[in-house]
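My questions will all concern the structure given below.
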């Protein structure tokens, strides 16, 4: 493999990894606070992608406007899902909420089939993203730079919110001890709503970029990225935002590089993430950056 | 064994039901028989997951994987060699699978055993994980099984799947296997072994202090559940006559999970009711996707509507009646008699 | 209170349970440090101490949930350090929990029968085969469960779910379940917690009775001083993970260190 090829793969991996990272953040934030695997998270990605598809196509909005609106709308959807499907189950066994999450996921998918039909639709890439820099044999599309760049910006904004603002402080407090935080007068439900909103917005951003990269949208486009991003979150240590970013990028590299170096394994590509998950859970169940939790006897 | 009233009633019901099904073709159409067979297969799947999740508390999302193993093993066992040679067009089928031909019941048991043995390899590493981690790990394994099936073309015919599987799974055969599953699981779950499993579900720490080897019992329950899932899969393959890897995705696991949750976790009769009601509901909901003629207006069918309604129903169940139809209770003869006595008293009053 | 002979070095003759220089650390925190105790067969003894003194940790170490970093634990002469809780139970040690750990949806009888499981002979696969031997044993276990339920005054509630019982009854049920494992040593973690004085008194008598009836050795953790002083023949006092005193109730009662640990400085002054 030439060095150029290797660099090319690196850029691919970085793009894919950034997308996983953005989605993984939503999983990790919700899990950190509610100990809930938000199964519907991947579907919010799909909804975000459809929003921008219709924003630009049907309503003819400028791309950037449609992107912002779709991110905001997806954030709102996340909040609504929490209110309807998860909030009533806060005191129920955790598994009930998980089943509820699975139900919501199927509901969103099948609603998408009803509304948008099951047909995949092609997405037009804006011209400024399809252009590429040519450096020798190396060809880097603007998209390959745009995705990681955008990811870095979004993650920085998120980290600022979580570590430098009051709601962020409340978020971190809730993830440590929800009851005490409630007693301290924090409006826990609002903070949880904010968490869902932020996570969903990031998922929608990832969905938009996902649709640009594999230029099409379809109702089940969020399932696999969602599952894999969850695995990335576990890999990085669920509950930790930095871990989710790290895990996402790592998973991107694992998937791209394994196929790059061992093309004969390409049929197993979808299994890598799952094998990785099993290995991580066996070796270090709390992930790379996760905290240790033990049951009190 | 002493034959008391309840045992006698159970046996009588089973026999009468069997006789009715034996004659079913005289009064049921093909479609109804198709649904009835599906109900029995789904009952087997629901019971097997209920053992794992409802009784032992192991949140397994890998059921589709075991069902797939059962279906493929059985299909390979009963498909005539000549047919296999024609069908494997991507890569020729390898020996010994090419020459394999067994009676149906052997293939069903084989499918179950394979799934059960495979479950050991999954159980030993992942059963130390709790709750949702276990769910994700088993889901991951089910996906890995699926990818393996796609890629093991010389054995499984890859993504093309297997077509024309002999339809040995008649109504009576499905009923028989469902009965077998029910009897074995009822005897396990309502012996002290079942108490032990439920204790593990409720409190692992207490169980280990009572001298129970928690891990070993979890593995055992998981493998027995996988065994019956494999049996269900074998019947499903023969019933549908076509299998391919896409069938055994997460949606299948999800369906089975719904049967169990709707019926009540930890209730075998609940699983039977849940599987029956939801299978019928799912079939009935097909009308939503077909064009409707209301006389004055014609509504075109809406594809996907069925799953929308289904997910909403599920959401309502989990939000409003989390314990399902039966909760952890069982529908027993004593309960039925008590119910009728109450009715009688109310009428007199 | 007679008949209690503290096993002594070098051979600790008569000791059923022997812990020597046990130290248990969690990260940087030392929960139990250099603890030694020798419990003679047939005794009723107690561990007392203020909250957070490490009493429950001692129980968790003894019953096999934690493996101590240092020290040796022997039960009936054999080392049990590092053994799994279920193996330790099989050897004849049972325990209850401070926070009750029953299966709330299972009936009283079923809960007790879970305890019987460890002593059963027929393996699981006999159940689906419907072998008469299996069902005979099932019936024996059920009978044993009924007897134990009667012993803890729960005969009337056999088919009620454990979760529906009042608190005191749940504690008795937990003891019955522990007895079902046929232990020689019973560890009771705060058996009188949440009981009123009348119930505590009954519990004291009950503990004495079951010791004689089942030929048990009993080690208990308790906050209720009346219970401890009333029933225990020997007491170890812990503070900050270490033993600060031990002896018969009379000795412990008058130990100034104990009084200070337990009741604070002012009481010592008053007594003086």
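Per-chain residue numbering starts at 1, and chain names A, B and C are given in the order in which the chains are listed.
Please note the rule applied: contacts are C-beta pairs under 8 Å (C-beta built on N, C-alpha and C of every residue); 3 or more make two chains touch, one makes a residue touch a chain.
Note that this is a predicted model, so its numbers are computed, not measured.
Undergrad: With centres defined by CA atoms only, which chain is the most remote from subunit B?
TA: Centre of mass proxy via C-alpha means gives C as farthest from subunit B.
Undergrad: By CA centroids, point me to the most central chain in this structure.
TA: Centre-most chain by C-alpha means: B.
Undergrad: On a C-alpha centroid basis, what's the spacing between subunit B and subunit C, in Å?
TA: Measuring from centre to centre gives 43 Å for this pair.
Undergrad: Can you check how far apart subunit A and subunit B are, centre to centre, with Cα atoms defining each centre and the answer in Å?
TA: Once rounded, the distance between the two centres reads 33 Å.
Undergrad: Could you work out how far the Cα centre of subunit A sits from that of subunit C, in whole Å?
TA: Inter-chain centre distance comes to 49 Å.
Undergrad: Where in subunit B do residues touch two or more of the other chains?
TA: 205
Undergrad: Hunt down the residues of subunit A that sit against at least two other chains at once, touch-wise.
TA: 297
Undergrad: Counting only residues that touch at least 2 other chains, which ones in subunit C make the list?
TA: In subunit C, 65, 97 touch at least two other chains.
Undergrad: Give the list of subunit C residues in touch with subunit B in this complex.
TA: By the definition above, subunit C touches subunit B via 63, 65, 84-86, 89-90, 94-95, 97, 101-106, 110-111, 113-120, 124, 127-128, 130, 132, 134-135, 138, 141, 177-178, 180-181.
Undergrad: Which positions of subunit A touch subunit B when the two form their complex?
TA: On the subunit A side, the touching residues are 35-37, 85, 88-89, 92, 94-96, 98-100, 102-104, 106-107, 109-114, 117-118, 219, 223, 227, 230-231, 234, 267-268, 270-271, 273-275, 277-278, 281-282, 285, 295, 297.
Undergrad: List the residues on subunit B that touch subunit C in their complex, please.
TA: 1, 183-184, 187-188, 191-193, 195-196, 198-199, 201-203, 205-214, 220, 266, 328
Undergrad: With touch defined as at the start, can you tell me which subunit B residues reach subunit A in the complex?
TA: 59, 125-126, 129, 131-133, 135-137, 139-141, 143-144, 147-148, 150-151, 205, 250-251, 254, 257, 261, 302-308, 310-312, 314-315, 318-319, 322
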